[in-house]
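After this come two complexes, each holding chain A, first together with chain B and then together with chain C.
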Partner chain A sequence: MKYFALDNTGKGVLEMERRVYMDHAATTYIKQEVMEEMMPYFTEKFGNPSSVHSFGREARKAVDMARDRTAKALNASGDEIYFTGGGSESDNWAIKGIAQANKHKGNHIITSSIEHHAVLYTCQYLEKMGFEVTYLPVDQYGLVNPDDVKRAITDKTILISIMFANNEIGTIQPVKEIGQIAKEHGVYFHTDAVQAAGHLPIDVKDMNIDLLSLSAHKFYGPKGVGALYIRKGVRVHPLMHGGAQERNRRAGTENLPGIVGLGKAIELAYENLEDSSRKLTAMRDRLISGIMERIDNVRLNGHPTKRLPGNANLSFEYIEGESLLLSLDMKGIAASSGSACTSGSLDPSHVLLAIGLTHEIAHGSLRLTLGDDNTDQDIDYVLEVLPDIVQRLRNMSPLFVQHKGEKYYV
Partner chain B sequence: MYSEKVMDHFMNPRNVGEIENPDGVGQVGNAKCGDIMKIYLKIEDNRIVDIKFKTFGCGAAIATSSMATELVKGKTIEEALALTNKAVADALDGLPPVKMHCSILAEEAIKAAIEDYRSKQLVSSK
Partner chain C sequence: MNTNRVVVGMSGGVDSSVAAYILKQQGYEVIGVTMQIWPSDDPDVVEREGGCCSLTAVEDARRVANHLGIPFYVMNFQQVFDEKVISYFVDEYIKGRTPNPCIMCNRYIKFEELLRRSMALDAYYVATGHYARIEYDDQKQRYLLKKSVTPAKDQTYALYTMTQYQLKHTLMPLGNYTKEQVREIAEKSGLVTANKPDSQEICFVKDDDYAGFVQDRASGPVAPGYFVDTQGNVLGKHKGIIHYTIGQRKGLGISLGHPMYVVDIDPENNTVILGRDHEVYSREMLVDDVNLISVTSIDSPIRASVKIRYTAKEAPATIYPYEDDTLRVVFDEPQRAITPGQAAVIYQDDLVVGGGIIAKAVK
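What follows is the complex of A and B.
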């Protein structure tokens, strides 16, 4: 399919292949309003927020405004928000920082088996340092059972870290219930909200969250900047030592334009939250049901309703995810997969295995994550091209023939 | 990530399909590791006169299946057995390092199919 657009000189029309971006869980574009707020902080308002002079004060004011906007989005207060270099840093800081500061109280951490690697590998690192970690299982939809959390708590437990929503299958965890349990047992509760922030309502007070990670590039802000919410009074060691930035808790000259962008992006996201999630949920459900109607032997991964508004994750039997991605890419559609061959490892996604998928089904997974730039025409386009792509790959697959054969002869 | 040749063989694979009453069949890999390849051979006078494949796998797996079948078609069994995964990868203008393991399957699948042919020959010559 082709469409016409102005070329980048603005002079001529250019015939371009149609491109449809459905990988918003990987990253998003920066919205125009966000970009416009950031621009002056690259050039004329470039001051160091720690400087005494007017350039510094101007920069400081911008950081404080971004902090307040972020706090407001989470129902926190400004002095509970710490800017970081992104979601991975926030996760590392929360978990290592709590572990180090509270090891006199205990050495046990509870997390789930479907966390992002930023949490899982941090926990594995702490295990080598003498901490003990419980990796809770999830059910077929990817849900953590709050009773399992309760049962896993011992008198050595210092931290529960359960993600708000999963990046691959989109499942939303019972965060408030887990927060309540953590509170009752006097254990800190951290949640990796990198996929949730800007997409789901979050209230750190109501949900009893002690620490929360977020990352700007998942909600139309810039890459390489994030935040960690740390509830007042929570004991956390720093991850980054050095200067006195972020009230002595996170050293390093602030990423000024990035922080400004994060603040604007999170404010925008929560202003438009209802509209945007209603629109995305409707498109998502039409995409999922459209695929299931048109193609046989497909399964939906994740929970049918407790899932991120823009997340569709499906497994196509008898085919492998990377060849699906390449075929979609040839049609201009950008998606992602949990297959091993896309990750460079031999194992498919730990999340898909944790919800009980066999290896071959996990290899055939496709994640389409929608965002504010997607339209109904994009959904139509995917529904138009996907059946043929799947059929072509199935016709090449020795597994598909065996399956057809069984049906024939049994 | 992939060369143009790889993408060409992925999008327009040569020799896909099955052969009825093949002289040799070989299947290697398993669903656990993500790539499975099945090769069918027709052999006359010690020469591969026809070859077809079916592959479950990534772009590299499908492209190497296609290229490997092209490289051995019309060759003698001895020539086909000398095929290496490196030769297949080179013919595709290279593969990303993490994908080299996918190309080993093509070589192994052809060897397995020839093995199957030879064992059948032994049985029928008895």
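What follows is the complex of A and C.
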């Protein structure tokens, strides 16, 4: 698909590929304001925040400002925010750190079956170390039932880890209710808020959250930097040992420009939260209903309303998500069929299986996640291109059944 | 369908890389695809070199694709590979036969599943780095499969299952090149894989330990049984029929004062039949599951030469129609170790007439 645009001199036209990015749950671009705030910390303000001299002090000041901005976004205080290398590190630290520090109290962890792999695989690792893990089921919308959480708690339970919002299907969990239950039973509550932070209102006090993971590149900040909120007084062992950074709890020289970017990005996100959320929700609903009107045998995965503003996840019967994804890519549309992994390969998603989809239907799933750069024209373009692709792929499957059926040397 | 678009199956090795390069030079819109056929979370796969499907292979192929400036995707073939290749491989050994999994991979994975998924991307062709030629014969109105111009590298033996439909939708750009030319192209065009060694082993079996692999995958323990001679006299105990193949002499763990060879395997009685060297030879065999390429059928005897394993030389023979889907092959000279489960491929000069799976040697 080619389209014409003015070149950067304003004269003439350039023929270029149309590209539409609808994979914001995988990662986002860095916003200009964020980038500008980061720039000096690569060059002139490059000091090590642990150094005594003026270079160190100005770096330290920047880190603390980012810390305060992050704390404000979550209704926490600055000394409860610890910067990390990203969402996966925050999840690993929270779960392993709580498990190690509290194993004298018990060895039981409660989580859900639709967590991100950073949580699931960490729990599986702890199982090998002698911990016991309950993986709670979810309903057809991907919701955890708070009563299930309550019932799963034993006198050995030390941690409940339930994600704030799901990365694949966008379902928002009843975090406040779960937090309340955890508090009543004296169990720590961690939530993986990597998809929620910057997109949904979060109040760690009101929601009784003890630990919360977030990652900057999901809300227009840089990659490779995240944070873990640890409520004051919560016992957590460190994951990284070494220097005394992050109040002795996370060793390693701070990723200064990254942390500055995280702070700016989260501040911006919460300044614009209502506007952005309203706009994204409207576009998302138009995208979902537009697809459902134009294409038969489609189902929406996740909850119709309790879902992330930018998330649309749909299953198309009789086709493979892989072919759909690649065909969209060839039309310049960046989507996803689950979570991206290192090899870029596509497995049936554990989340879609957990909400009751069959393997076949789960394979035919597509995730489109909208962001602040998307426009109504982008939605139109997807609605124009997608039905043809789905039709072509559906037309092909019976053809191949016929082909396979024939005597094969004919 | 877009007749200018081609999906190249890329292993990260020199052959498929150069195939992609040549097609791009020829003006095709080339898309690189690596087939992931093995669970990606198996740490062994990450470590292992050479297999066409390891994570290293994926990364190598990705680098090549980036170098060539073509789109690159990893496609997941784990389930279909497990069903069509690995299960088949295991079942055949348990039946006392010696399978060729590469042929099944070509048949079901590359030229059926990969082709299907390529067409889903609106590509008319799939391409591979095989050393073989595909030509259309106007008179016969058939697609023909011909040997590579370099006999030493010819890979048609593993391609005889290709249907007319598959041949029509397949490109094998290396068929007219020698291995040296291919390496030269790779080096000149700066492909990073230029010095990678050819892969040899079966990609999913570690350390060539077929029996161990089959035992791991089998539903129950593989039972030991008896070695017997051709008269049925018991000679000793064997470890289970999956450990043996026709013609084998080493590793029998039995000493009778003269060399003994596996001449047959009887899965029903769980026996391995041993004999003297001359008893390993047969002049005749039955071949079933037949696919024909240069002809539509064999209704009367034809003269041809037949290759009975990847490393065997072709031997002159007469091919007789037998039953539906089955041919009888009578060699001019007795052949050593005709092995059920292996492919027999029929040639007339450089033309692949067809082929099938050896059902049994006729004594």
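In the analysis below, the second predicted complex is superposed on the first by the 374 of 410 C-alpha atoms of A that agree within 3 Å, B and C clash if a C-alpha of one lies under 4 Å from a C-alpha of the other, contacts with A are read in each partner's own complex, and residues count from 1 in each chain.
The criterion applied here is as follows: contacts are C-beta pairs under 8 Å (C-beta built on N, C-alpha and C of every residue); 3 or more make two chains touch, one makes a residue touch a chain.
Every value quoted in this text rests on a predicted model; they were computed, and no experiment measured them.
Asks: Tell me which partner A:H185 touches in the superposition: chain B (first), chain C (second), both or neither.
Replies: A:H185 sits against neither chain B nor chain C.
Asks: So in the superposed three-chain picture, is A:K103 touching just chain B, just chain C, both, or none of them (first/second/both/neither)?
Replies: neither
Asks: Thinking of the overlay built on chain A, is A:T358 touched by chain B (first), by chain C (second), by both, or by neither?
Replies: first
Asks: Figure out whether A:E322 sits in contact with chain B (first) or chain C (second), or with both, or with neither.
Replies: Touch status of A:E322: both partners.
Asks: Looking at the overlay, what does A:M330 touch: chain B (first), chain C (second), both, or neither?
Replies: both
Asks: On chain A, which stretch or stretches are contacted by chain B in one complex as well as by chain C in the other?
Replies: 320, 322-323, 326-327, 330, 341-342, 344, 346, 396, 400
Asks: Which part of chain B faces chain A closely enough to touch in the complex?
Replies: Answer in residue numbers: 2, 7, 10-11, 13, 16, 18, 27, 31-38, 54-62, 98-99, 101-102.
Asks: Within their complex, state which residues of chain A touch chain C.
Replies: Chain A reaches chain C through residues 320, 322-323, 326-327, 329-330, 341-347, 392-393, 396, 400, 403-404, 408-410.
Asks: What part of chain A is in contact with chain B in the complex they form?
Replies: Answer in residue numbers: 318-323, 326-327, 330, 339-342, 344, 346, 348, 358-360, 363, 395-401.
Asks: Where on chain C does chain A make contact in their complex?
Replies: Residues of chain C touching chain A: 36, 40, 55, 58, 71, 73-76, 78, 112, 116-117, 119-122, 161, 163-165, 290-293, 296, 354.
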